[in-house]
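Per-chain residue numbering starts at 1, and chain names A, B, C and D are given in the order in which the chains are listed.
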Amino acid sequence: ASNCVKGDRKAPYTIGWANIYSVPTWMKQTEGTITAEVDELKKAGLVKDLMITDAQGNAQTQIQHIQSMIDANVDAIVVIAGSSNALDRVISDACDKGIAIVNFDSLVNTDKVTAKINTDSNEWGGEAAKWLVNQLGGKGKIIVMNGPAGISVSDDRRKGAQPVLDANKGIEIITETNTEYNVAPAQEAMTSLLFANQEIDGVLSLGGALSAGSVLAFDRQGREQVPITGENARQFLELWKEKGLKGWATMQPNWLGALSVYTAVQALEGKSVPAFIKVPLPVIDDSSIDSYLARADKFPADGYIYSDYDKALFDKLLAQ
Amino acid sequence: MMRAKAILRNPPLLTFLLVALVWLIAGLSLRGFGAYGHLRYLLELAAVIGIAAAGQTLVVLMGGIDLSVGAVITVTAILLPLLSPAWDPTGLVGVALVLAIAVGIGLLNGAGATFLQVPPIIMTLAMATFLQGMLVLVAGGSAVTVQNPAVLLLGQSRPLGVPAGVVLWILVSACMLLLIHRMPIGARFLALGANPLAARLSGVSTTRNTLILYALSGFFAGLAGLLLLGMNRQGYVGIGDPYLLTSIAAVVLGGTSILGGRGTYAGTIPGAILLVTTTALITVVNASPGWRSIMFGSLILALLMISGREARR
Amino acid sequence: MNRASSSGLYGAIQRRRNRGLVGLYLVVAAFLVLYAVLFPGILTIGGFSKFTQNWFPLALVTMAQALLMLNGGITLAIGPLVSLGAVIAATTMGSAFGVPGGILAVVAVGLGIGAVTGAIVALLRLPAIIVTLAGSFIITGVALILLPRPGGFVPGWLSTLLAGHTPVAFLLLLVILGLWKIFLATPLGLAIYAAGDNPVGAFRSGVPIERVKIVSFALSGVLAALAGLFVAAQTGSGDPIIGAPFTLNSIAAAVLGGVGFLGGKGTMRGAVCGSLLLSVMINVMFFLGFPPVAQYVAQGLIIVGAVAVPAHLALWRAAR
Amino acid sequence: MTDAGPLLEARRVFKGFFGNPVLKGVDIALRPGRVHALLGENGAGKSTLINLLSGALAPDKGAIAIDGQPISRLSPASARAAGIAVVQQELSLAGDLSIAENIGLGAYPRRFGLIDYAALARGVREVCDLVGLTEPLDMPVADLALGRRQMVEIAKALFRKPRVLILDEPTSSLSAHEAGVLGRLIATLRDRGVAILYISHRLNEVQALCSHVTVLKDGGVTADRSLAGVDGEGLVRLMVGRETGELFPPKPQQRVGKVRIDVEGFSAGLVRDARLAGRAGEIVGIGGLVGQGQEDLLLGLYGAIPAKADRAEIDGRSGLPVDVAAANAAGMVYVPADRKHEGLVLPHSIASNILLPSLGRLARGGLRDRRAEAGLVADLARQLMIKGDVARPVQALSGGNQQKVALAKWLPLDPGVLLLNDPTRGVDIETKREIYLMLRRFAAEGRLVILASSDTPELVHLCDRVLVLREGLVAAELSGPAITEAAIVGAAMGVEQGEGIGRKTVQ
């Protein structure tokens, strides 16, 4: 059997979805995949209830929510962690109670969970850096745009890029910034950097809406666009096409949420699920961008166009 | 000598001098900083803060505080595309609708503060939470790219080389200075801020003025939201968040007393520019995030020591 | 006058201070009862312990904030100080300093930062709100330099001691409240009120108002840093940004508890009650099964109601 | 007169604010067992001088000496330690703290580092008994009326068992009865050898209590002499520096004007079931011990606190004003007793304060008319002799001048009914005369003046009719020759006296 699961819980299950912050669009979309999956599972008679909490960005509140879920004796908890280690203790408490814990996206440190599901942030940064280095032919001045400081995802992506940059002495990092994963602050920061730096050959943007902000800054200042990495934000993909960018993007698929619910139920049903499910990073490049943009209308304008998923994909991932 | 002393005792002027000084030093020492385009860009950014801080200035002058500024900005930025009807080629209908909503939110804040007697900080904080909840409902499900021509014009055009946002800010500043210094209501706000009881016994109606005040704050936050939306061409949840603290900081850096009753929008204007400048300076410095944060805080503190001395007892 | 009637003076003053708080007490009690009805497990030692642990850090930062507000100040650096406290605990306790050294370091840092802030505010006569705003950036920076991403280490026994299945946190809170009461019974403690209410009058009465201000900032710093220490113990590690939400929450809780902005108005017991309301509200909403939208809306309404209802009850009673 | 050396002296002290000299080389010496009067018109620098003597301010030049020893840097704390206690003109109390905690502030008895509440209660009870404070000691000071707070302030000074007691207008909000208690207290302390400095604009008190006087004028001392053999007029001459006329203008023959106010069954705050009528041309006084509902009566009429009446008619309109704006619109204005908290916006300029009620009136096309405003302010400043730059903040004005501003701001409204709450509180004798003349003139112009006052002579010599309140009820209504100090005090104390008519207390 899987971690934490003791086999004493019977379907239909109650599932707790302990979100750290439900307001950002990425979260909204992720929640959408979760509720869709729950609806499926309800039809199959496997799930009876979904409890959703929103810690409003406060890790302390999230601890309180998970504690309440333990108190309410849910059968499974699906969680995006508000801090990579603040939840360790409450989560291992839940595990001790035989609650199936599936943690995705922002991961916790503790291994007392049923499963962790994520793409590899290091690889994210590494692949992005590799692409950019290739574009520049191993030589050039680049700017690195990071997510907020003090967050492990942002830190991991940056760390993953470092060996690649180290290996290419021709690449010079002019400067780095940290901003929220949002368009406005990214655009603002990049604009300041454009004025301060006349020569920029590439932008290594590590996520969220940073790339769109950067492209907009280049555009508004009338500067020639440079090769840029990014994520599957719809606005970036559309700008990519519109401005004819040299671009590359990967993604943190929103369906990690659906997969997590699916995994939790599988574990409760007695299936043995892997302790770590590594989801391969889907890559968007010039060859695949059109297929993504073709589906753009189904996604919010400030949202993320994620790759397709189905049960077969989930089963394949669980069979790792 | 006397003149110099007068300047030192005039916070707005002092803050303006500070801006000039910082620009001069940065322009001479940092490549690209002094470029016309860059300074113009700084002003454009400052315009958003300045407009958002216009309402905040009034609220602070009257001894309150508005913690819903960020949420109102977000709400207007998110709602505008949804509320701009396709049949209106000018986009003004959407603008009017959204501003009406912003004013409505402000009125609710004011009503809570007067009729329910809830301290403004609590009322506006609760309002911000409430609006977040509304946003969870509205956002993420539909298109929020702005097509509204009026808003795009506001965010993107540059009549005579001056960004439309800066023009709007100049208009707002003129109105604000008129309101505070040349209109009876400005004097009433100040009196209520410094001594509500005495003002009330002098026939100044708290109820009416509080309602007007928070409505104005909502209006200016809404206006800032529209400008921001135009500049970014897209609204998203959280777009207004940075403007809560910056609006308050701009007000206080401009020499307005957080306790109410003393200050002017003339100080908030350079206060906003100062904040934007500081952020820009920190951005181009290549340092770890920790060090950048330390530098930002120290700069604010240093500027404050020069400009923000409270009158001695 | 004999002893009995004069010890009555202290009691009478204390009773009178409760008077304006009855409304709040009733609201909080109603929520606690509702919580106990929804989740009877709260009445067990374990349930009570977990619940009070989640409340504890908020209670501490609320005390830290209320202390300053009573003196006519305010701080926006509470959250960052909590983070810094957690970071220092998590970085020192694993090293040669050990747990006692770590605790000492946390207290010293809180005291030092508080005293310096207080000195800047009191001696240079700068507005507290913006000094502490600047301070919040500086403190966040220091925390990020010490621990760029969540990590560090707090010994398991300390975590178990403070945040295990025993109500140690609650007892600690009682001790701290007791200490506050004792402090308030010293001339210096009472001077916090007097100087907050009427600084000129207090100065002319021989109260060293500058020193009082510095002391209150220093004590406030210690409380915030200790909250950070507890958070580190509760989570088993440090996180350089975990405290951020505490800043606004501490102000909200204090105002909810009847502490005014102009100094000298309010009580610590009210503030702590305010923080309890904010904390128990989260659990109650969870057990009522509110979806996130309703959580936000209800939270707004409860906060407004908790201030408006007692105020209007009092008016209504006075009018009769 | 004692031969003992002075306990506290100022030696040729200079003090100025922002370059404006206030004191230019002033000497004063306080000796044990002597009640020393400090006189001077509003803004002469009396409060400034005592701030120097008590360490609240440091002199620019000159020295403060205690027991003949010059002290280089006197702080309030060290002054207190040396046995100097001050009753401030502007109250120095903390509203949310209890009476006991306020009285003890800065001098708490301690045990093991903690405040010894038992000892505090004993000590405080003792001084409260002395000054006649009967309220529970645990009561927050904010719940007390102004006059009672003044008593707390006095008790606070006594609590420190001072060798030197400085009283800055201690009776300004006290009624005759309380002032009498204080007078006896001062005599007792003097006999015990305490050095007392007494500042008051009520010259009859000065004459009754003091044996020595220092007069301040234009920053210097114009008189420093014994009061032996000086009569009331002499005292006035000393102070004003010239011969003066009567303080009170003559009461005119009662002319009957139209009814301006007529309320029956009026209740507001403490006041219950009062009947009040006033006609144009009258000055109606409201008297009584401090805090018997005088303020509530005025506030209720003014629409500032909830009030109800069985029947109310104000200037022909029926019904009480619903709020202050309505009262103003009906031609009613109110000058509060506590000018600092209720009357003025202290940090704002004289001009802003004066203009506040008439902002709307002066505006043209929604904008303020600077020229008209400046003209109005200059006019009023001249009329009320408010000296100096009108752009100064009011808090920089002396108490009496602040009072003038609080009154002046209403004149542009051309009010039909003036509700005045102790309008001469802290006002110097010359200004008082002006204010009295002004009130008479107002009445003669057909206005109705309703004047609540703690200064009994004012009620006697100025008012055409006086209502005396006790515990919220009208205890007596006096008019014409029946208005005497004895009758007012008697009715206030509940002693059957004079021709007290109207409702009697039923308890």
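Please note the rule applied: contacts are C-beta pairs under 8 Å (C-beta built on N, C-alpha and C of every residue); 3 or more make two chains touch, one makes a residue touch a chain.
Keep in mind that what you see is a predicted model, and the values were worked out from it rather than measured.
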Contacting subunit A as well as subunit C are chains B
Could you run down the chains that neighbour subunit C and subunit D together? B
Leading chain pair when contacts are tallied as C-beta pairs: B-C
Determine the centre-to-centre distance between subunit A and subunit D, using the mean Cα coordinates as centres, and give it in whole Å. 71
Which integer distance in Å separates the CA centroid of subunit A from that of subunit B? 33
Mean-CA-position distance for subunit D and subunit B (Å): 44
Which residue numbers or ranges of subunit B touch two or more of the other chains? 132, 136, 289-290, 292-293
When you check subunit A against every other chain, which residues touch at least two of them? 22, 54, 56, 149-150
Hunt down the residues of subunit C that sit against at least two other chains at once, touch-wise. 143-144, 148, 200, 203, 292, 295-296
Tell me the shape of the graph of touching chains, choosing from line, ring, star, complete and other. other
Taking the top-of-page definition of touch, could you list the pairs of chains it picks out? A-B, A-C, B-C, B-D, C-D
Sites on subunit C touched by subunit D in the complex: 1, 3, 5-10, 12-13, 15-16, 182, 185-187, 190-191, 193-194, 196-198, 200-208, 264-266, 319
If we count contacts the way the header does, which residues on subunit B are in touch with subunit D in the complex? 178, 182-184, 187-188, 190-191, 194-195, 197-205, 261-262
Please give the residue numbers of subunit C that touch subunit A in the complex, ascending. 39, 41-42, 47, 50-51, 54, 57-58, 143-144, 148-151, 159, 163, 231, 234-237, 239-242, 244-246, 249, 279, 282-283, 286-287, 289, 291-292, 295-296
Given the complex, residues on subunit C that touch subunit B span 120, 124-127, 129-131, 133-145, 148, 199-200, 203, 248, 251-252, 255-256, 260-262, 292-297, 299-301, 303-304, 307-308, 311-312
Parts of subunit D lying in touch with subunit C, wherever the complex brings them together: 54, 56, 75-77, 79-81, 86, 88, 90-98, 100-102, 105-108, 110, 113-115, 117-122, 125, 136-140, 156, 306
